[in-house]
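Two complexes, one shared chain (chain A), two partners (chain B, chain C).
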Partner chain A sequence: MKISEEILNNISSLSKIKIDEKIKSDLIKDLESILKMVEEMNKIDTSGIEPMSHPLEEADNLRKDEATDEIKRDEYQKFAPQTDDGFYLTPKVIE
Partner chain B sequence: MNNTWESVIGLEVHVQLSTESKIFSNAPTKFGQTQNSQASLVDLGLPGVLPVLNEKTIEMAIKFGCAINANISSKAIFARKNYFYPDLPKGYQISQLDDPIVGKGKISIEIDNKEKFIGITRAHLEEDAGKSLHDKYENLSAIDLNRAGTPLLEIVSEPDLRSAKEAVAYLKKIHSIITFLEISDGNMSQGSMRCDANVSIRKYGDKEFGNRTELKNINSFRFIEKAIDYEIARQIEIVENGGSICQETRLYDANKNETRSMRSKEHANDYRYFPDPDLIPIIISKEKIQEIEKSLPELPEQKIVRFIKDYKISEYESKNLNASRELSNFFEKVAKKISSPDLAAKWILGDLMAILNKNNSEIQDSKISSDDMINLLCKIEEGSLSGPGAKKIIELCWSSSESIDVLIKKEGLDEVKGEDELLKIITRILEDNSKQLEQYLNGKDKLFGFFVGQVMKETQGSADPKLVNKLLSKKLKQ
Partner chain C sequence: MEDLSKLSLVEQINGLKSKKFSSIELTEFYLKRIDQEKVLNSFISLNENALKEAKKSDEKIAKNKSSSLEGIPIAHKDIFCIKDQKTTCGSKMLENFISPYSSTVYEKLSSSGTVNLGKTNMDEFAMGSSNETSFFGSVLNPIDPERVPGGSSGGSATAVAANLCSFATGTDTGGSIRQPAAFCGITGIKPTYGRVSRWGMIAFASSLDQGGIFAKNALDAALALENIAGFDEKDSTSINKKVPPFFNQAKSKDEEHVVGIPKKIIEDIKDDNVKNNFFESLDILKKSGVKVKEIDLKNIQYSLPVYYVIAPAECSANLSRYDGVRFGHRCENPKDLDDLYERSRAEGFGEEVKKRILIGTYCLSAGYYDAYYLKAQKIRNLIKQSFMDAFKEVSSIMMPTCANVSFKLNSIQNPVEMYEQDIYTIPANLAGLPAISIPSGKINKLPLGIQFIGNYLEEGNLLNLSNKFQQNSNFHNE
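The block that comes next holds the complex of A and B.
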C-alpha cells in the first residue's frame, strides 16, 4: 500500500504528533515498509483461529467495588502545568 | 405530520452504573463533589498506573443482559478508543468493541396500547470522561475529572424506532429496567442516564436507510421528543426542497428548540480501536450468569401483574405506579398498611403526583413521606378526615416542616362536623341565601352545587362532601 502525504497528514492530526516537513519522505518509506511486512503476515492462513486479544488468560484480575483511594488533589495538581481553584486548566478547547 | 416520509431512529443510551468506586480505579463516584476530589492517579491517566476492573460493573451488565433476555458473552474484552480531548486525560477511552458483554436482545414498549419489540444490538461497558467548563476562564478550559472513570453501560438499539414518541417510550422502558434492577439511579438531571439519537428519514416502503444525523447528549424525556421531532421536520424540509442530508453530529439546544451542526470535523472520526493490553480478557462462566439470573429482582412487567392481583387496582394504575422503582416501592409500602389499597393508588397518582409535578420533583424527593400518606389515608378510611381536607393537608405539608397531625389540628380539620352540626350550618346557609333558595325551588337545579360549596367553605373543607350532599338534598326536599 502506498502512503500519500495526505494519509500521513491525517495520521499526524489524529495522533496529535507534529511531523517535520524534512522527514516526511523518509517517514513515508518507513511506514510503507511496515505495511509491506503486515501484508506478508496477512498471507498466513489464519482461518479457524480465534483472534487473540491478550497473551494472558483467566487470571483473578477483578477488584471489589470499594472506594478506598485517598485523593490527594493538591499533591496531584503539582504535576499539572496550570491549575486554579482545584481545576486543571488547558488552552481553550471547544469542539 | 407528513405521510410520505418514515422516520428511522436508533438510540444509544449511556447509563452510569451506581457503584461505590470507579470502573478501573478505587476512587469514589459521588456526584456533586468539589472539582477533582474524586479523581485518582488512574483517573488522571498518569504514566505507570494500571486499570483494574471493578467486578460489580460486570455483574450489573450481566443483570441488564438477563433482564432483556440477551446473549451474555462468555468473554469480555476491553479496547482503547483513541481520541484527544482535555477531559479524557489518557488520550483514549477504555471501551469495548468486539465481544461486548451483552449481545443481541430485545425490549418491549407499548405504543397506542400495542406492544412493539425494539431490538437491542449490544450493551457494553466503558468509562465516562470528565467535564470541561469553557466559560469559566477567558482563554482557558477548566477541567474537572471527577466523572472520569465512572462506569457506563452503553445500550445500543437497532434502528427500530419510528417516531419520537416511540423513542420516549423506549427510553422510559430502559429507565424502569435499570432502576428496578438497581444498577443505576437513572437520575437524568444529574447525567446518570444520557441519550444520543441517530435520526434519518426515508420514503415509506423503502428498504434503504437515508443518511443519518446523530443528536448528542439529550438529558430529559421531554427534550428527546422535541429534539427528534425537530430533526425529522428539518430533514423532511431539506429533502423535499431537493437537498440531501449530510451525515453529521448535531447538538440539541433546549432553549431554542432546534438542533445545530457541531463544528464539522475535517476528517471522519477514526478511533483506531485496539485491544487494551493493560486489561486481560474477562472470562464469564455459565454458572456466574445463572447465579445472577436467579437473583434478579422483580421487574416492572411482573410487578404490574402482581399489583393488579394483590391490590385490586386497575391496569392503568398499576402501569403508572410502576413507572419507577421508587414510586412502585412507595405505593407498596402505603398499600400494605391501609385496608383499601385502591385508595392509595388514587391518592398517589392523583394529588401526590400533582404536587410533585407542580414542584418539578420526583417521588424520591417527596416532602410527603410514605408514612405521611399512610397516616392521611387511614384518617380518610376511618372518616376522621375528609377528602378535601386531605387534599389541603398534602398541599400544606409540602411547604411546611410541621407534621401531618399538627397541620390537621392547626387547620381545624380534625373536627369533622357531625350530622347535627352540619344540619345547623345547612339551615343557616339556606336562610342566609334565601334568594338562591327560592330560585332553586323554582327549578334552578344547578344551585345545588352552590349550596354544597357554601357548606364546604363554612366548614373549611372539613366536612365529608358525601354527607353534605345527603343532608342537603334531604333538607331541600322538606
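The block that comes next holds the complex of A and C.
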C-alpha cells in the first residue's frame, strides 16, 4: 500500500497529531514498510472465520451500578494544565 | 556482611524472618547498589519513603505480624500508577504526572509488605523492544553496557539482573517481559490475560496488555506472582477464578508435563546459536524426565502482521485521552482547540508512539477497516485455535524467547526489523496465554532465553516446568 501525502495528512488530522513537514517523506517510508509487512496477512484465506476481538470469552465483570467516591474533581484537576472554578480551560471554541 | 542483594527472594524472606538482617539493612543495600549502578539508567524515579516503609516492615516482623513478602524491596515498572508518586510511562506526555490513585498490582504488593524502591525506566508507553524509545534515555544492559536490555520493561529487567531490587513488576503486550528477561539473563513471566488486574496500569493495547514479574528464578517468580494475581472487580476483564498456590505448585513433584515442540518454527530458526541452544535446553528437560512431542502450530507465522494491526489500533484509541486538556503535556500558546490537541500530542509523544498511533488510525479509518483490522482479528482467531488444538496433545509449548542475543544500542533503525524482535513472544499475547522466559545459556557472554507457553490459567504448570529446568541447570545463577 502506497501512502500518499494526502493519506498522511488525513490520518494526522484524524489522530490530532501535527506532523513536521521535514519528516514527512521518512515517515511515509516507515509507514509503508510496516504496512508491507502487515499485508502478509493477505496470503491467508479467512472467509467464514469469526473475528476475535478479545482473548477471553467471558469478560463482562461489570460492577454494580452504584455511586462511588472515585471521582474527586478537585483532586483530579490539580494536575490539569489549566482550570478555573472546576472547569477545564481550552482556547475559545465558539465565537 | 554478605551481599544481601545476591540472595534469592526466598532466602531474603527467611533471613528477615529469622532476623539475620533487617528490612532497613536490605533496603539500604539496594539503595546503595542503585546509586552505584546509576549509569544503567534503570530507574526513572526513586521512592523517598523507601526506608520509612522498611522501618514499618521491621516493626511488623518484630511483632510477628508480617505479611507474605514483608520487608522485601522491589521495583515497579513506571507504567503502574502509585498514589502521590510520579508515573511517567516513559513519556514526556506524563513527565510531571502525579497519580491520584494506585494500581491494583501496587496495592496488592504493598499490602503483602513489600518496600517500593522506585519506578523503573521503560520504552515510551511500553512501545519498543530495546528501551531506546524512553523519554528518559536508554537503559543499558548490565551484562554489556553497549547493548540494550530489551524492552519495553528494560528498566525492571536490568534492576533484577544487576541486583538493584529483589524482584520487579513489568507488563507484556507483545513480549515486553519475556524478551528483556532473556536479554538480561533472568526469569520473566507473563500470566494469562486477565489473571493480573490492569486497574491503574497505563493502557497500551487493552486486549493484549498483561502485568507480570521479573525475578531471579522460577520459585521467586512464583511467589511474587501469587501476590499480584487474582480477581479485581475494578477490571472488567479480570478473571474470576481462584489463584492456586503457585509457589507450592512450582515445587510440586506431582505436576505432569508433555512439552510440545513446534517443528516448523524450530526448523526455521535462522540463528544457529539460538537453534543449538534450543536443542541443548531440550536435552536438559528430557534428562529431567519430561516427555516431549512434536506439534504443528498452524498460522503462527502471521502473528507479527496481526499484532502490528491490532496493537496500534488499540493504542490509537487508548492514547486519544492525552489531549493536553485534562492532564499531561500541553503546548504553549495554542491558537485554537485543534492547534492545542495537535501540537500537545506532537510535542508530548515520541516518534515511535506517534508512528503506532498513525498506523492504528490508518487501519481503523473508513475504507481500510475490513482489509486490516477485521482481517487481523480473524487471523487472531485462527492463531488461538492452533494453540487450542496443540493443547489437546501437550501441556506446554517450548520455543526460543528471542531470535538473537541482545543487540548494540542504536544498531536497529528499521521499524520492521525492530518489530521482528518479538516474533516468538507475540503469539502468546494474541491468544492471551501465559508464558515464561528463563535463562538457557550464553553466546559470547550474552544470555539467551527459552520460553514455555501454557494453556489458559496454567501458570503453575509453567513455573513447575521452569523450576525443573533450573534444578537441572545453573544458567539462572550465572
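The definition used in the following text is that the second predicted complex is superposed on the first by the 89 of 95 C-alpha atoms of A that agree within 3 Å, B and C clash if a C-alpha of one lies under 4 Å from a C-alpha of the other, contacts with A are read in each partner's own complex, and residues count from 1 in each chain.
Throughout what follows, a contact is a pair of C-beta atoms (placed from the backbone, for glycine too) under 8 Å apart; a residue touches a chain by one contact, two chains touch by 3 or more.
This structure is a prediction, so every number in the text was calculated from the model and none was measured.
Trainee: Check the residue A:K18 against both partner chains and state whether it touches chain B (first), chain C (second), both, or neither.
Mentor: second
Trainee: If you count the residues of chain A that each partner touches, which comes out higher, chain B or chain C?
Mentor: Of the two chains, more chain A residues are contacted by C.
Trainee: In the superposed arrangement, which partner chain does A:A67 touch: chain B (first), chain C (second), both, or neither?
Mentor: The answer is first: A:A67 touches chain B but not chain C.
Trainee: Can A:M41 be said to touch chain B (first), chain C (second), both, or neither?
Mentor: Touch partner of A:M41: chain C, not chain B.
Trainee: Now for A:P81: first (chain B), second (chain C), both, or neither, which partner does it touch?
Mentor: A:P81: touches chain C, not chain B.
Trainee: Given the touch rule stated above, what does A:I49 touch, chain B (first), chain C (second), both, or neither?
Mentor: A:I49 contacts chain C only, not chain B.
Trainee: Once the structures are superposed on A, label A:I7 by its partner contacts, choosing first (chain B), second (chain C), both or neither.
Mentor: In the superposition, A:I7 touches chain C alone.
Trainee: Is A:P91 contacted by the first partner chain B, the second partner chain C, both or neither?
Mentor: A:P91 sits against chain B and chain C alike.
Trainee: Kindly classify A:L27 by the partners it touches after superposition: chain B alone (first), chain C alone (second), both, or neither?
Mentor: second
Trainee: Hey, what residues of chain A end up touching chain B and chain C alike?
Mentor: The answer is residues 10, 14, 16, 51, 53-54, 56, 59, 61-63, 76, 79, 82, 88, 90-93 of chain A.
Trainee: Which residues, counting only chain A, touch chain B once they are in their complex?
Mentor: 10, 13-14, 16, 51, 53-54, 56-59, 61-69, 71, 73, 76-77, 79, 82, 84-95
Trainee: Taking the complex as given, what residues does chain C use to touch chain A?
Mentor: So the residues of chain C touching chain A come out as 96-98, 100-101, 193-194, 207, 231, 233-240, 299, 302, 304-306, 308-309, 316, 320, 323-328, 330, 334-343, 345-346, 349, 354-355, 357-359, 361-363, 365, 372, 374-382, 384, 414-416, 419, 430-432.
Trainee: Which residues of chain A touch chain C in the complex?
Mentor: 3, 7-8, 10-12, 14-20, 27, 30-31, 33-44, 46, 49-56, 59-63, 70, 72, 75-76, 78-82, 88, 90-93
Trainee: Applying the document's contact rule, which stretches of chain B touch chain A when the two form their complex?
Mentor: 19-21, 25-29, 34-41, 44, 46, 52-58, 77, 82, 84-86, 91, 98, 132-134, 136-137, 139-145, 262-263, 266-267, 270, 272, 275, 277, 279-283
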